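In the two complexes below, subunit A is the common chain; its partner is subunit B in one and subunit C in the other.
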Partner chain A sequence: MKAFSDIRVASLLALALLVAGGFALPEWALFLMTIGLAKALVSLGIVVQMRAGLVSFGQGLFFCIGAYVAGLMANFAGLTDIFVLTGIAVIACLAVGGLFGPLLANYRGIFFAMLSLSLSMILYGVLSKMNSLGGTDGLNVAAPTFAGYAPEGRALSLSLYLYTSFIVVAIGAVLRTGFDSQHGLVSLAVRSNELRVEYLGASVRRTNAINYVISAMLGGIGGVITGLAIGHVDPEYAYWTTSGEFVFVAILAGYLSIPAVFVASIILELVRSFSNLYFPNTWQMVLGVFLLVIILTLPNGLGSLFHRKREGGS
Partner chain B sequence: MDLLLVILVDGLIYGAWLFIVSVGLTLVFGVLGILNLAHGSLYAIGAYSTATAVGIYFAYGGDAFPLGSYAVMALAAIIVAVVIAPLLERGLLRHFYHRDEVIGVLVTYGVFLILEDAIKLIWGVDPLFVYEPYDLLGMVEAGPLFYVAYDFLVIAVSAITGFAVWYFLNRTRRGKVMLAVIHDREMSQTMGVNVDKVFLLAFGAGVFLAAFGGALTAPMISVSPGIGVNVIIVAFAVIIIGGLGSIEGAALGAVMVGISRAASVHLMPELELFIIYFVMAVVLIFRPEGIFVRTQTRKI
Partner chain C sequence: MKSTVKRLVSATAAAALSLGIAAGAQAASHSETFKIGVVTFLSGGAAESFGVPAWNGGKLLIDMLNKGELPAPYDQKGFGGLMIEAIEIDEAGGATKQVQEFRNLVQREKVDAVLGYVSSGDCLAVPPVAEELKAFLVLYDCGTPRVFEEGSYNYVFRTAAHAAMDNISLAKYMTSRGIKVGSFAGVNQDYAWGHDSWADFVASMGILMPDAKASTALFPKIFAGQYGTEISAVMREKPDLLHSSLWGGDLQAFMLQATARGIHKRMQVALAAGDHVIPQLGQKMPDGIILGARGMNGLAAHAKGGELVDLLWDRYKAEYGVFPVQAPFRMWQGLLGVKAAVEKAMKANGGKKPTAEQMAAAMKGLTWEAPSGTITMALGNGHQAIQPNAIGTTKWDEAKGEMTLVDVEYYAAECVNPPDGVKAVDWIKAGFPGAKCD
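Up next is the complex of A and B:
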């Protein structure tokens, strides 16, 4: 029971910090935080799979589905309520993830990475060609409403940020519990030796499939929020470079700690927007150098800094 | 019938090009165990270097002997390989050989980001054109259509490259040593093989092949930023279809993708953009590790 109350305390503390930050931060920082946290959810999906030793290079698929749910519902059904949109995105990603998850559960390592990547590139191709959905230009997304409340300006940024904070903390708490559950521990065992897991009677395929579906839903939620925050969606959401950034954040954070994923994602957004500002022509280069330095100096990710205890046997 | 011929010819031309741009990737993966995401950038650097070199060649009296521009193209690719390969392999990649494959992908993703901006810094963002080598050989009539003879040159060069790589690996001493390293790195080392040297050689060959692919492509396109981004994923698809690390696989994958793409262009153009991934997904469903698979031992 102690662990359970630990999570509750940590979650409440994190939420209090985030909410307090929301009222203190300037609007550009709110936007940056919202995007950073939302994208962190997608990377968190990769971390869920990483715990079982798989790295998906195609999370852009679900990120894009989530974002397009927001865009399409706003443009064609007049739906702007963020709770409803998030729900639809989760259901859509659950359906797609449930379809591909069992299939992808047969693949490992680089093949899993590349097959998941090819799925997201297929979506990219389809969206680019569908002129009814805006083609490569994409769609504008209307500002979200919050159960009838339709804020504008700073109030909108703040509402979106608070909504994201709540979701992020809730998901973080659920996942932490999940990581320590039987399924979560089996995932870690799969990572270190899947043959042993099979001999002990657990199903590696099932574990991988479930992880994939969880990561799909996380990707969808991240996509919905990002789409609403930016106010525009286009097929680039499913492009491989987008997925690459998610993997980068996941590796940067490591699979040991959940808060590390959010920190890593926000760091990436900070590096991106500041290098964009100060080195407009070489920001990719800055990002690349940053990435290499991190991989060289922190082989186990940021999480290893504040999570000294080693999990599992690997 | 004519349509079939057209699809076949177009498919072979595209497949030949695909083979050239992907064979280096599969070679590097086979030897170093690193899936090089920067391969596309190296291809782009090859294309840019060629555009510059051929431009200089014609500016300084190359018109007297225009065929010499082909030698200049090859030379440009060699220079790219000699300059970049040791830098990347010695300076960066060798720190990651013992790490997970995915880390390798991420490291080269970082290199990709750096090189993309480096290219823009060196060559600017305006497109470059080197059409001379493309027009040099005139046209060829193939059935109902005319083709630029250069396209067939690509097929020939691709076939020669494939044969050369195969011959090197299977018939020369150095190549056999390389195969031994692919098969078992530690055992080769115990037998006295200088594995570091083999790695550098293999990576150098990979960089050369990427740059050479770019050199060969430069006359056919407008050389502009972003040409490498699209190539890399296509090349990945090809070598995944064929089986990672397999040269024969890359050849087969390239032809399969080439012909499927040509068929989709002529029959269902709306599928063209993702036919490659479709072929890849279908192949992986039936052959989860590609068509030519190396057997691997499993740890129990």
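Up next is the complex of A and C:
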């Protein structure tokens, strides 16, 4: 009960801060925050799996499915309502995740990483070949509408940002509750000792499959928002470097804290944006050094800064 | 108990702090300069061939313009007296990143114009954003015809001709030089550029040389690097002509591997955009290769000469130790186009720094002189340029120790570009109606 109200207070506080930020921030920062938060949702999916000791290198698969749902629905069915698009993307990712989740749940470590990566690269290959969908160049996506409201200019940036903020806070709260639930705690146990979990009567395979499906849906939501915000989708969304970036954020954040994932994602966007501006020839190196420093100084990620690891995890 | 709240507060503090640092880092200079964002590949596969030489040329030209070193009509300092301040951005990282960076350039850095984009994916993704932000955008390099054939924009211009011209000219070169082609094969990369190039070439040959048969069409992956199988397949097929639109490291690797096996002695090799690997290959680019440069650029422009070409050619060579290939020429024609538009707009508004609307109005349908010939904004309702093209044959000049282009054929812009409102592919298939060739 206490834990519940604790999360509620934190969520409301976070939402208030985000909404206030929406009215205070300049437009470029709003856009950067929207993309940062949307991509953080995908990384959050990796964090869900990281808690059970698995790292997926193929979150781009669901990111891309989400983005293409937005792109295809807008181009071929004239659907631009962001609520409907998010719903369709979640269903699509649920279906694909549900199909591959039980299969991938049998694998661990590098095998899991490579298999998940290969799935996303298959989608990349297929989309690159489909000239009717623009091939490697992709296709443009119309601006979203919000239940009939069709904003433009700053209002559009703000609406997208607020929509993202609501989703992020809601998902953050649900996941926090989930992490502290039986399933969430079993995930942590799987990370430390699979055999013992099986002996205690819980199914490791089932835990991993459920985590995979959850992360699939998170990837889809992140993809829809990013696709709509950017206004363009291409097969690059499923490319391994895109997936690698989500892993980058997940490592940066660590698996201890949910807010840390969002902070890490926004910091990454900021570092990239400004290193691009000030070091146009060496921005990749700046990013690399940044990640190295974080790994060396905070091996458990940013999350360990504001989350002291309690005994028994969480 | 309260730890979640606490954690959240510290998380927010961290985020706010980083945003604050970011906002503080913003430069607040906004005097009478003309700020232009330049986006091109500084890293990745397209950097060596396109991005870096283009930006080298760009830096050189901006410096010369700011000092007022160009001949008339470009003798005014900067853009109409406004000093040019360039902000360079790396195009590597995909369309998603480029949309973000474009927004940052316009909304954060408050640039007056953005000139950029080599990748066709970026050229499709960025224009709708420019339109939304009402920002003046000039696409200087990318080749996809889709930009203005599928969309229509007020603030977006492309100062280089789209890619259809390259392959139409190549096919025309075969007829005008009387090269006998019974069958032809193609090796093109497996992505939009490669497929489009091959389709345009096959369609053009179908009209100009209806008896020539298209045989093997091979599409190796982009950045494949190894072409042993493709070369074997083509050598077995024995076509008279081999067409390729490969570029960059791919083209270098292909030429090294193919010429080692003597492909150029068994068939005529024609490269749609091949000039830019000559500085790297040097003498390893054999004689007798037919190549284009996506416009009257590089060696073809040098062969023709002219005050502007010679000046920039010599300065570029002195500065960077190699001759300018096609990429700097496209950068120059873009920058000079912006200069012409800005100065035209300033003439109309009484010498004030023009707004995006005024620049867009001035650039629509504009004609200007560039080192690569006369550029006219003739297509896409005055937003898409057409330009003359040139195809030539390589010949190593033993005495000077450098590559030259001989038997150069020049094609007027209206000869190899479709009229406004007609899609390139349809125009080719209809037999080039209304083409004005000398």
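In this section, the second predicted complex is superposed on the first by the 310 of 314 C-alpha atoms of A that agree within 3 Å, B and C clash if a C-alpha of one lies under 4 Å from a C-alpha of the other, contacts with A are read in each partner's own complex, and residues count from 1 in each chain.
In this text, a contact is a pair of C-beta atoms (placed from the backbone, for glycine too) under 8 Å apart; a residue touches a chain by one contact, two chains touch by 3 or more.
This is a predicted model, so every value here is computed, not measured.
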>> Looking at the superposed three-chain arrangement on subunit A, would you call subunit B and subunit C a clash or a fit?
In response: clash
> When the two structures are overlaid on chain A, which partner does A:Gln284 contact: first (subunit B), second (subunit C), both, or neither?
Replying inline: both
> After superposition on the shared chain, which partner residues are touched by A:Ser128: those of subunit B (first), subunit C (second), both, or neither?
Replying inline: both
>> By the touch definition at the top of the document, which applies to A:Asn106: first (subunit B), second (subunit C), both, or neither?
In response: first
> Does the superposition put A:Ala155 against subunit B (first), subunit C (second), both, or neither?
Replying inline: neither
> Which partner, subunit B or subunit C, touches the larger number of subunit A residues?
Replying inline: C
>> For A:Ala95, using the defined touch cut-off, is the partner it touches subunit B, subunit C, both, or neither? Pick first, second, both or neither.
In response: neither
>> A:Leu12 in the overlay: touching subunit B, subunit C, both, or neither? Say first, second, both or neither.
In response: neither
>> Output check: A:Pro26 vs subunit B and subunit C. Expected answer is one of first, second, both, neither. What do you get?
In response: second
> On subunit A, what residues does subunit B touch that subunit C touches as well?
Replying inline: 128-129, 241, 281, 283-284
> What residues of subunit C sit close enough to touch subunit A in their complex?
Replying inline: 1-12, 14-15, 18-19, 22-23, 25, 42-43, 87-90, 92, 94-97, 99-101, 103-104, 107-109, 120-121, 124-125, 128-129, 132, 144, 146, 151, 190-192, 195
> Any idea which subunit B residues touch subunit A in the complex?
Replying inline: 35, 37, 92, 95-96, 99, 101-103, 105-107, 109-114, 116-118, 120-121, 229, 233, 236-237, 240, 244, 270, 273-274, 277-278, 280-281, 284-285, 288-290, 298-300
> Considering the complex alone, what residue numbers of subunit A touch subunit C?
Replying inline: 2, 6-7, 9-10, 13-14, 17, 25-29, 31-32, 35, 128-129, 131, 134-140, 143, 152-153, 156, 176, 226, 230-232, 234, 236-237, 239, 241-242, 257, 259-260, 262-263, 266-267, 269-270, 272-274, 276-277, 280-281, 283-284, 302, 305-307
> Mind pulling up the subunit A residues that touch subunit B in the complex?
Replying inline: 55, 57, 103, 106-107, 109-111, 113-115, 117-119, 121-122, 124-126, 128-129, 193, 195-196, 240-241, 244, 247-248, 251, 281-285, 287-289, 291-292, 295-296, 299
